[in-house]
Amino acid sequence: MTTLHIINAAPTQTTQLSSCLRVLSAGDGIVFCGEAVQALRAGSLAAQQLQGIDHSCKVYALEEDVLARAIDAEALPVTLLDYPAFVALCVAYSRVSSWT
Amino acid sequence: MKFVINVLSSSNAPATRRALRFAQAVLAAGHEIVRVFFYQDGVLTASNNLVVAQDQQDIAKQWQAFITENKLDAVVCIAAALRRGVLDQAEAQRYQREAVNLADGYQLSGLGQLHDALQQADRCISFGGE
Amino acid sequence: MAKSVLLISRQAPWAGIGAAEALDIALAAGAFDLPLSILFMDDGVLQLLDQQQPQALEQKDLSANLQALPMFGIEQLYVAQHCLTVRGLADNPLALTAERVDDQRIQQLIRQHDYVMTL
Amino acid sequence: MKFVINVLSSSNAPATRRALRFAQAVLAAGHEIVRVFFYQDGVLTASNNLVVAQDQQDIAKQWQAFITENKLDAVVCIAAALRRGVLDQAEAQRYQREAVNLADGYQLSGLGQLHDALQQADRCISFGGE
Amino acid sequence: MTTLHIINAAPTQTTQLSSCLRVLSAGDGIVFCGEAVQALRAGSLAAQQLQGIDHSCKVYALEEDVLARAIDAEALPVTLLDYPAFVALCVAYSRVSSWT
Amino acid sequence: MAKSVLLISRQAPWAGIGAAEALDIALAAGAFDLPLSILFMDDGVLQLLDQQQPQALEQKDLSANLQALPMFGIEQLYVAQHCLTVRGLADNPLALTAERVDDQRIQQLIRQHDYVMTL
């Protein structure tokens, strides 16, 4: 009964990411898309928040958003998604929570 | 699997393009879309008056084409649409406005349609913000 | 059995119509007798503050809609205690009876519902 | 003193009511408003299709009345309006849309009108966000 | 040649307030309106940021927004404004910067 | 003498049309030969990053508009170094020639212009 969390706000609007991280259960996943992918930029303040994440939780990012913003996602253990993979993930988890 | 797609942002927000690409991938994977529900600023996506510069993607037009081609059930929340100025023939008449600007393929209806869709579906994905 | 919704309301009450539109989703669920719980989180916790005076902003009082929730059968109301605390409201009385919940309880709530809708 | 008022949010945002109450106080204090400029989502305030619930303030209607009564120069950025679906007669015709939804009292024009107003004025106050 | 800064975003969207505070000059003023007045709530994290503000800078708040939100503004040295006073302030400072 | 504008651009480039609409204000000033400076601040500093690929989002490339600024006579371009630093971009090359400025220089810039417009 795991949940896939989707976040899309810039990490500078901090409550979306930090609230999501607080209520993450073991086995949940997070998809970063839109401006939220800025949190994956190595050396950013936001990237530090992500270090403490439970190891049972997987982190994903929408590839197009990472490419558009010239982010080197290799610095973090992040799986890049295209839309078919994004849809498959939504099926794989029991529910989806969009932190719009 | 059965999906509900919830669009909460205007056509100028990247989230609304993301919702469309996601919805296209849902159908391409053989899943079903029970309903697309437009709420909050998402109702502005259903305006027929949007004019997009030639060198840019017309996401509202693409949404409309996607809905029409796949005969999707596309419901625009009527209360949210009224306060944002998106009117069909009946509402324009009721409130004495001349401009009917709800695009073809969309229906104005209530929030009950969202809940009804949720009861039929397995997953609901919302796209809002930027 | 009807599928259940956890509505997470994150918008401040007088920062536009976002909070009211989130509540409308709850009221509609109540009208159709569908199971829906509300979790007030982030700036959404401000909706529950006592002594607010929206008439100063010539705004409709959201608290009327909030008070209507139980009449519509929406009785599972939760508020994130952490979000009250960081806003200096840890011990403030609330205008509405809502269970104060910690992060672990929120994790449980999410798992207990079929859908999560955040507005 | 001469003011320019810049409205950047839709009529549903508190910022747009704040802009109106501020503009009213500007005139009440004997100052002049050179121009009110509507840009970004502010152009949605100039839609004639907005329908507000009876128990709520109709800020768009109040803006229109304030502009008309005080014969203010109210310019809506044409590029921002096109992408948000607010069209006057000429633009509706140009882009073959049936719905003319720019309210009376407003004119569509370019960003040059903002700069022109700034050159004439002493202060510019923007109201955007929430 | 002082500047009147206007901020209206919730302090939880932190960059508006913190950026404004970084670039404040001596003698400048700040008007809190809309959700930004939440920063004036005694005991909030945001209120602490305001303690360090230069003493030559005056802090104002739109009274209607403070009333609507049941904030006890007495905890901080804040001058409450109605709209006529708000307009007068815009005249008194040399320019206005709205951090929309 | 024409009155001058300091345009503070705070929006990220691919987070909607905000950044493009801010730039349009600058281009219009240039077209009318009016003095305007731009300060990129907060998420706005991301507009200046090199190697971005907006075509991945099927978006129009904002950098064309940015490159057009000098041609329109808009040559006073500044970027807040602090905002680059907190985003992990302190030493990154910029796609456009802009002066890196600290808080004190920003205070000066604000005082040197007749108007400040923030978008």
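Which chain is which? They are A, B, C, D, E and F, in the order written, and residues in each are numbered from 1.
FYI, a contact is a pair of C-beta atoms (placed from the backbone, for glycine too) under 8 Å apart; a residue touches a chain by one contact, two chains touch by 3 or more.
A quick note: this is a predicted structure, and the numbers were derived from the prediction, not measured.
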{"item": "Most remote chain, CA-based centroid, reference being chain A", "value": "D"}
{"item": "Same or different contact residues where chain E meets its copy chain A, judged by the half mark", "value": "same"}
{"item": "Longest centre-to-centre distance from chain B, chain (CA-based)", "value": "E"}
{"item": "Distance between the centres, which are taken as Cα means, of chain E and chain B, whole angstrom", "value": "39"}
{"item": "Separation of mean Cα positions, chain D and chain C [Å, integer]", "value": "34"}
{"item": "Inter-chain centre distance, chain A versus chain F - centres from mean C-alpha coordinates, in Å", "value": "28"}
{"item": "Shared-contact residues (touching 2 or more other chains) in chain C", "value": "14-15, 17, 42-43, 57, 59, 114-115, 118-119"}
{"item": "Sites on chain E at which at least two other chains make contact", "value": "10, 12, 15, 34-35, 95-96, 98, 100"}
{"item": "Multi-partner residues of chain D (each touching 2 or more other chains)", "value": "6, 8, 12, 14, 53, 83, 124, 126, 128, 130"}
{"item": "Interchain contacts, given as pairs of chains that touch", "value": "A-B, A-C, A-E, A-F, B-C, B-D, B-F, C-D, C-E, D-E, D-F, E-F"}
{"item": "List of chain D residues in touch with chain B within their complex", "value": "10, 12, 44, 47-53, 82-87, 91-92, 95, 97-101"}
{"item": "Residues of chain F that touch chain B when the two form their complex", "value": "14-17, 57-60"}
{"item": "Chain B-touching residues of chain C, taken from the complex the two chains share", "value": "2-3, 5, 17-18, 21, 24-25, 28-29, 31-32, 34, 114-115, 117-119"}
{"item": "Touch list for chain C against partner chain A, complex", "value": "8, 10, 41-43, 82-83, 103, 106-107, 110-111, 113-116, 118-119"}
{"item": "Touching residues (chain side chain D, partner chain C) in the complex", "value": "12-14, 17, 53, 55-57, 130"}
